[in-house]
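Naming follows writing order (A, B, C and D), and every chain is counted from residue 1.
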Amino acid sequence: MSKLRVAVLGAKGRIGSEAVRAVEAAEDLELVAALGRGDTLETLRDSGAQVVVELTTPDSVMANLEFCVRNGMHAVVGTTGWTDDRLAQLNSWLDASPSTGVLIAPNFSIGAVLTMKFAQIAAPYFESAEVIELHHPNKADAPSGTASRTAQLIAAARADAGSAPMPDATATALDGARGADVDGIPVHSVRLRGLLAHQEVLLGAEGETLTVRHDSLHHSSFMPGILLGARRVVTAPGLTFGLEHFLDLN
Amino acid sequence: MSKLRVAVLGAKGRIGSEAVRAVEAAEDLELVAALGRGDTLETLRDSGAQVVVELTTPDSVMANLEFCVRNGMHAVVGTTGWTDDRLAQLNSWLDASPSTGVLIAPNFSIGAVLTMKFAQIAAPYFESAEVIELHHPNKADAPSGTASRTAQLIAAARADAGSAPMPDATATALDGARGADVDGIPVHSVRLRGLLAHQEVLLGAEGETLTVRHDSLHHSSFMPGILLGARRVVTAPGLTFGLEHFLDLN
Amino acid sequence: MSKLRVAVLGAKGRIGSEAVRAVEAAEDLELVAALGRGDTLETLRDSGAQVVVELTTPDSVMANLEFCVRNGMHAVVGTTGWTDDRLAQLNSWLDASPSTGVLIAPNFSIGAVLTMKFAQIAAPYFESAEVIELHHPNKADAPSGTASRTAQLIAAARADAGSAPMPDATATALDGARGADVDGIPVHSVRLRGLLAHQEVLLGAEGETLTVRHDSLHHSSFMPGILLGARRVVTAPGLTFGLEHFLDLN
Amino acid sequence: MSKLRVAVLGAKGRIGSEAVRAVEAAEDLELVAALGRGDTLETLRDSGAQVVVELTTPDSVMANLEFCVRNGMHAVVGTTGWTDDRLAQLNSWLDASPSTGVLIAPNFSIGAVLTMKFAQIAAPYFESAEVIELHHPNKADAPSGTASRTAQLIAAARADAGSAPMPDATATALDGARGADVDGIPVHSVRLRGLLAHQEVLLGAEGETLTVRHDSLHHSSFMPGILLGARRVVTAPGLTFGLEHFLDLN
């Protein structure tokens, strides 16, 4: 069987260099190009890449994707900063190249994606839901983007299911004790030396609780998701937003 | 909206009496009969029950279900002891009453059912999987039936996905350290005073782990599953085995 | 060996009735009186009790203890509402009866007491410390008294050790995300159906974290602490405040 | 205040090179020598070191310590392979140099040491105790040395307290389900990709459980213990075995 030809853009970055190694190590993939800041997109075309892994910056991602799509190269995109305008632009390029696929994933950690999906599936069956995220103390924002997104998904799933308001008899509380309110879901942020990135979704019903916990110990955890994206995007024309669409969830 | 008429068989038992209270407390359900050992099935027919919750014993369940199905009453069954012969017999009755539905559920805890389902979904995306179950020290068997079933589902999901063998460099081990082997999945059983019934599924990949934990603190946790079964079985003719088929898992 | 003679005051209450059963079940203790609201203290003296377990209300505790101490009966006290004035009054009675011992314990759960003690011991060796407490959603206050007390003990231990401020680079946060501030220690309160009373102390240093978790599933967990108090108070004249003083912590 | 002069032996190794950086970064310590395989012990004497951190191999540790003790340099030793004979030999050297201190620590992780100590303190107050250790799948032995040691300490603490046998009604079990038996304490070993080194001590009594969990994410977690050892060994003449003796545990 011939190998899938993969190029990496942003190959000198922290995640990019790891992606280069991951593609090289995968038996069914062939690394045909690894481009850094100085390289030209012509190199990319010459490489014969079927899939381009885009791990650059919001400044360069649009030009890179325009080039890829126009040349019929599928793309797996980890670069952030997506707006409605940018997505509309990308879709117009894809309309003109209907067999090309692009996967944009805000999070390539399969564990994080599954945690969010499971929270969403389970939420309607439980009266209570809260999120605890725990990170190293150098993190600047609280809650984490993943925790906020998880809370929003839980809230939406509860709304869709017509869930009753969550029980909470708190009458007197210290400021902050009950966490941040994200669409009605309490989110608690712990910052602790020695931690990396961790998240717990707690769901409670009469007589039982269900906890989904994701521990991310290294950004190498993004690699299986990137490789999975590369393998699947070639048979998924058009724009796919979110790695969850490439997971078998049944 | 008229209420769904529900009867409980085995209404004097530990779970049955709780089911009686749960049906009475549900706004969309009406308890029309609560039968114990001495009561006759005629009472059941006279009650006008649409759904019968069957929580008796393996000795009486078959006669009860034959009566229900013949009379067009749907059933939600928690009684255990199902063999292929018994299922075939039940199916033959259902063939003769094609609009009647029967749900048999080995486990009515929605948390336990979701834990198993999530383990199954996630397993193919992780290199390693183990199960830890923790119970009160009066439990006679180890591992628990739920833990064994969970391990089997994980093993089957891995086999279907063509997963590589799990990594394990253990060269010297004390007897039992690596747990029981259930279809290749290590299962560990903790017995501790103060615990009730708990289970953790641990999944690990490069740089990340995913843990699904279910804590069951009281058999009242079966009630939401029983009520959900009663509401859905009326539109699910034929035999349904396993509560998971009545959950929205997408 | 003769058994220690124990009386229970407040024997009809939820904790009191459990204490009655626990004393009866203990091989080295003899229940000589179980007094409820209508009973007189004369009954207590006539019973020959050596130790009185006081589980009544702030309204009656002072009169009960005055009687006990004046009659040379040791006491184990779970009733709350202690002020400096009340403690001074109690001490004056004890001064007049120098061989009598009284144990007042805000918390009889040995697990809770050990959790606080361990948090206190460990805190100076870690850069970061936070507390998460998780309770059923009918609880009116947040954080729990135990969690606040734990945070205060951690803060005091850090101050004594001259610990540097905890690292926290949070620059933008949603209100409440970083929890309540109790003497500089973040405390997070989760309220979830299906939970009872749980607390986690998280400590973090470079490359490692230490977590102490206490799960309280039933107020029966107070009984071992009450019995231990009864056994030890007879050889501890004067006032002892806090069960931790009766535990061997080395 | 003058800084404490510290030398590192085995400075090129994985732990040793980290120790060099840690000493350099500590404001109250001065790194005066960092010796690798080719260096001679004369260098050590010339450096004026007050404390030597010994992180070499069982082959060279005895000669190194003889030299240190004879020259009145205190030592902090992480090298393993200690036998009664070796300890006796070391003690004879220390007898001849009564103001010199040597700390040998099988484990420099303060979190691991505290976990063991807390397990030991708490064990007599709980009916049940089990240990779960979780490591990466490249580990060759099961259970881990730390878990076995922890179980032994728990068993000894229970024996000292005259604890009753642990409750366990297990009648039918799959081989290995109940873990390895270490002095009567069940120990369970999990091997999972994505994990590093983790340990949980579970203690259970009527109505409550206490869990102490240690997560070790990097061998940098040994550094605080090594530095603490260096600071304290100068005032602890003779042999100290185990970092716990230098921690304030009250």
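We take it that a contact is a pair of C-beta atoms (placed from the backbone, for glycine too) under 8 Å apart; a residue touches a chain by one contact, two chains touch by 3 or more.
Nothing here was measured: the structure is a model prediction, and the numbers come from that model.
**Student:** Strictly by the touch rule at the top, which chains does subunit B share as contacts with subunit D?
**Tutor:** A, C
**Student:** Where centres are the averaged C-alpha coordinates, which chain has the largest centre distance to subunit A?
**Tutor:** C
**Student:** When B-C is set beside A-B, which has more C-beta pairs in contact?
**Tutor:** A-B
**Student:** Measure off the straight-line distance from the CA centroid of subunit A to the CA centroid of subunit C, and report it in whole Å.
**Tutor:** A distance of 46 Å separates the two centres.
**Student:** Rounded to a whole Å, what is the gap between the Cα centroids of subunit B and subunit C?
**Tutor:** A distance of 40 Å separates the two centres.
**Student:** If you average the Cα atoms of subunit A and of subunit B to get two centres, how far apart are those centres in Å?
**Tutor:** 33
**Student:** Touching two or more other chains, which residues of subunit B qualify?
**Tutor:** 126, 194, 203, 205-209, 215, 217, 221 - these are the residues of subunit B that touch more than one other chain.
**Student:** Could you tell me which shape the graph of touching chains takes: line, ring, star, complete or other?
**Tutor:** Graph shape, chains as nodes and touching pairs as edges: complete.
**Student:** Touching subunit A in the complex: which residues of subunit D?
**Tutor:** So the residues of subunit D touching subunit A come out as 194-196, 215, 217, 221.
**Student:** Going by the contact rule set out above, which residues of subunit D touch subunit C in the complex?
**Tutor:** Residues of subunit D touching subunit C: 109-112, 114-115, 118, 121-122, 124-126, 203, 205-224, 228, 247-250.
**Student:** Taking the touch rule as given, give the residues of subunit C at its contact with subunit A in the complex, in rising order.
**Tutor:** 126-128, 130, 132, 134, 137-143, 166-182, 186-195, 202-209
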